[in-house]
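Take a look at this one; I'll ask things after.
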């Protein structure tokens, strides 16, 4: 590992967070002479690629400079007072928990920008598209990098507007409604969350996450913790999304453009679970402890519910939409993440964090694939794709078909691929939950989760069978197979999926010490 | 003289004023009701002032001073109020406040133009709902 | 505690008495007149008088009122001048002179500007 | 008991004065006008130069039928003359005629306030009459009355304020106590403004537009007959007495005179009032009626600025002599 | 003249003692008032074609008045005090609170003035009167926060309100303008009467009009007068609540705003509201601290009802209706008034009412800038599409990208969402005041309202970026320069505050009084 000094790291992190914002503003301005490109649209899309690429490089450099021997320590910390009146500080930093998410975000955003460069979004002007994309990136990166409660909330909110417009302006069917539903649900959750955050901050006397984690909730009464966990948890659960607060997600996914879906599933959902780990777990352990069984229960129900809905969507004549199906599968998979957190054990939380990243990679890939499918066939309706005039990908576009199958099996948790470890660790955690939590209850959850994995396998295999297999219809126009830019976009995701599957330690080594520290009440 | 007399009188005046304010429909009468209320307050202030100075709790005569200002205030209000009522009367030939419905939000505001604009919105939305549901349509759009 | 200054009201009590006397005088005069005068109403007599011809239209006819502007002016100025009196009484106090004089000129300035405004706006000239 | 007697006596004297003085002014007007116009005026009633002419008029008025027009607002119409008349009685009560406690009917602290406020009520009588008559001319007359009141009340008030400022009190007897001879030139502008404004409020010529017979018959009083009409007339002359008395008290030093102020102060007051009353009559004979807009213009562009200037002058002198 | 005359009147009973007047302290409102008169007189002697000069004078004067705030920073000056032996209470105080509110109202007036330059010319409003009334109202509003006795307070309130009635009705031939003025006028004067009744009760109980004296004497008042005192406190607040357009006294707001010239509506929504809030803040925190159990719940309920009423009505606004844009802003301003009341209610429950008031001020400052900005863009659209529908803003981005972005930014600030960071933090300040005071339920109600608010603000924002409807004629590209200047100024303030919210939020942790 190259040795990068701390001040440089600080700069890197700050640039990572602020860079996209600057890029977003720049995107709105007319291109400077010399960078005009073929057309204004092309220039601005290229601008997007450049900026996100630069950010990706920055995060990679950050990861490289990160002291991997001490992942539990906040590194690249910047701590500047911003609004002394409210005791809000510009406190940035990365540790083993946030670093993977930062890299994942930067990567997915870059891939999205790249994809959009070759396939410009249909709808309003690309200028706004790029600006929004970059704004979205700022928000998500900031969410993972900030260490101040109010700032976290700010970052959490920042993603709302760009996502809303991405869906509402460049989306598909019923986009306005879906976008509205998305933003109302999340905002409703997040204002309640704000109240909880304020409660924590005001009662504990600081908004600083590091200080709160070090404090371990000792300066908060149990009542305060309970109220705070309900309030904050509600906001995070909506975002995660936890059953039964998930109903915005399928609509949003269905309506969103490919890029929106990728980022939504790959990054945005992670913000919720990250919040659980980063804020609730260390700052209000007693409160979370009281609610963990319920969280676990909702998570388990979510897992089963998600898979059942997917099953009903995939069955013949179910009029299922492929994007909707993936959305529901996300509900199920995020259930695993939540279950892992609910166990409050290092194993479970590590699993949750691993599953988080894995889900981001795989679902991102899946949405890209579905987007490509939609480009080619004009539809995401499973029945249409599986019918007589259907896709029959193995026959008509074998590489695309193979990739789809790969993503599907990765998602269902095939050992050796990324999806496996997270879910398994989460279930391990549930087998032996933290002291004081009802073991029988968690064993039931474990059973439900197990059932869920089976159902997941069932519907994903059905998807593969219905879409990839089948005879090539007579006289059907040939479907274009994986194009160059598509390959470029998807390869990193595939590679990382495999890497994380075969070498989970690369991730777990980062998260585990940090998780241990968080669960131990901040003592390192 | 007992403090109760002016106090009760003032309360009555104020109550009449409130009644007039709520029940009268002619703007001028409403205006007069408001003046009645203000004068009730004046009476109150003066009576309290005298009472307070006899008990030496207020040697500054704040009540009287405020009364003078209230009188001036009432005059200014009447001045502007009458001007506005006159303006209303000139513009519409009536000063019945119940018939002032021009700025109120009514169905009448939903004229043809409004319906058209909203219909355009809806159409836009509908188009968004089915962008290119079939390849054929998409092809057509591409052409 | 609730007795308001008695002395203060005494002089007004006499004035009130005088008012009662005055009302009595009027009542007596009207009463006497009623006894002395004839009462022979006829429709013609009770008709509104308009130079001897039959009245046209209603008595409370709408007329174009030019005077309301003066009413405004009056309301605005006259009520302002109530401030003059209490202030006039402290004028004599020592040490108040200069301050009060300045305040007076401010006050007069306001009135003058108001008057100037009305005058320049042509309120005081009829077309 | 003595108190009661004292009060009763004062009231009686006031009532008598209130009834007699206006008649004296009225008779004086008859005769003065006549002589100025080269005629004799009333000569028969009562024998000596027709001194009882007005009483004869009064008797005639009482005997006349009292007509209330069918269209009129009956109550208001009937009340109006009383409203016009009575305020002057109250004002008369507070005018100090001589020095000391016994000098006036009643001593009121806020004298200037009281006087100006109550005098304002008198005009209400004309307004009521004008409105209640249900006659276009009456209405017009009433409106003109109102406009005139509005226009001239202000200069009157300001001029009075100037005197109050000079004396440092609003009590009428207080003002007289503080009077010095040199106030006369000092307050002369205020005096003229006050007097002219008062004339206008009384609708005396040349400010008699509201009753301009050539245009609107007899203004607010068109429909009145008999005793009620007489009351209006009485009110007008009572108004002259009050105005002149008030001007005397405020600006001319009231009971102050070159000699004999202590015992014969009331004579000085009456004398000055009489001279002023003569001026009122004189003006009627000498000046043509002013047009409505000229009336307003005079008030707003001449009298008000003059009154303001007077106040400024008073203030400056007051501070200067301290 | 009111303050000096007032003080002079209050004096006579005492041994005379000439008052020294701290001219520097009273400069901001005085300068504005003098300027108002100067404009009025200048107008009389100015030929018709030179009338725009008046607007320039107004701008310069307001800017100068703002500058006169500078030397007062950090100084606690008080003037028009009664003699020491009579308690020594002062009628005029230029402390932190005063300065902030004066900054707010004078700044708001300045923005309004910039915005009005075009309106005065286009709507053929009488220039002299318009500028005079605006300045006069601003002078009253600037006097209000400094007043420390109830008489001055009421007078300042009226000096701020009375010209505003006339401003609303200034479009002479317009039916709706005069009607709006009448509605505004009647509800406002009724409010004043109620306030005055409350004041008279408070006076009866305490025998003083000075706020600090009232605070001292209220707890020690005769127990027999307790009910009277309670009634006085409640009535005084009710009157101010009317001015703030708190529910259930808010019905005049949308009608008045739609009838008034657009800049005036903006002015009312900002300065008018501030005036009411300032009154409430002064009266509650300075005069009635001992009656917190009366006004605390009263204000809390008022806040909850107000924001709910305003936001629901705004949500139900149909985009195609005439004047729906201004009406939406009007209803939303009612909702915002509810938010503004929250910290004031919280002030009853915390040990540090100053800081709660600071949260209101911070919010009000933010609101002033962005709301006036929003009105500026609405005025721009209404120039060519006088019906003022929300749908008229459709595709604004296509013709006026900068203006559309600015409006979007303003609306998001109002909604409290990034990129309107300052709006978000202002809301955070309000929330934390509520949470700190233990008003959890109010915080939750407000949270729900914020979501409701978001829906309609966002709907409007989305409209700006929609493609134009088929057959719709585009807006002319040319925009009067003052309008753009107003938008730019507001946007600049908004962006600057978004970067450094501390600029306004610091009022939440400094002692203002």
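Each chain carries a letter (A, B, C, D and E) given by its place in the written order, and its residues are counted from 1.
Please note the rule applied: contacts are C-beta pairs under 8 Å (C-beta built on N, C-alpha and C of every residue); 3 or more make two chains touch, one makes a residue touch a chain.
Labels paired with UniProt names: A = NADH-quinone oxidoreductase subunit M; B = NADH-quinone oxidoreductase subunit K; C = NADH-quinone oxidoreductase subunit A; D = NADH-quinone oxidoreductase subunit H; E = NADH-quinone oxidoreductase subunit N.
Keep in mind that this is a model prediction, so the values were computed, not measured.
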For chain C and chain D, chains touching each: none
Leaving out chain D, the still-touching groups: one piece
Number of hops, chain B to chain D, where each hop joins two touching chains: 2
Taking each chain's C-alpha mean as its centre, the one farthest from chain E: D
Chain at the geometric heart of the assembly (C-alpha centres): E
Per Cα centroids, the chain farthest from chain A: D
Averaged-CA centre spacing for the pair chain B and chain A, given as whole angstrom: 53
Between chain C and chain E, centroid-to-centroid distance (C-alpha), Å: 39
Inter-centroid spacing, chain C versus chain B (mean Cα positions, whole Å): 30
Inter-chain centre distance, chain A versus chain E - centres from mean C-alpha coordinates, in Å: 44
Residues of chain C engaged with two or more neighbouring chains: 8, 71, 78, 83, 86, 89, 94, 98, 100
Shared-contact residues (touching 2 or more other chains) in chain E: 9, 11-12, 467
In chain A, residues with contacts to at least two other chains: 176
Sites on chain C touched by chain B in the complex: 1-6, 8-9, 68, 71-72, 75-76, 78-80, 82-83, 86
Complex contact set, residues of chain E against chain C: 1, 4-5, 8-9, 11-12, 16-19, 21, 37, 40-41, 44-45
Chain B residues within the chain C interface of the complex: 1-4, 6, 47, 50-51, 54-55, 64-65, 68, 71-72, 74-76, 78-79, 82-83, 86
Chain B contact footprint on chain E (complex, rising order): 2, 6, 9-14, 82, 86, 149-151, 154-155, 158, 162, 165-166, 169, 172-176, 178-183, 185-186, 189-190, 192-194, 196-197, 199-201, 203-204, 207-209, 254-256, 258-259, 318-324, 327, 387, 389, 391-392, 394, 463, 466-467, 469-470, 472
Interface residues, chain C side, partner chain D - complex: 8, 11-12, 14-15, 17-19, 21-23, 25-26, 29-30, 32-34, 36-41, 43, 45-51, 55, 57-61, 63, 65, 67, 70-71, 73-74, 77-78, 81, 84-85, 88-89, 91-92, 94, 97-98, 100-101, 104-105, 108, 111-112, 115, 118-119, 124-126
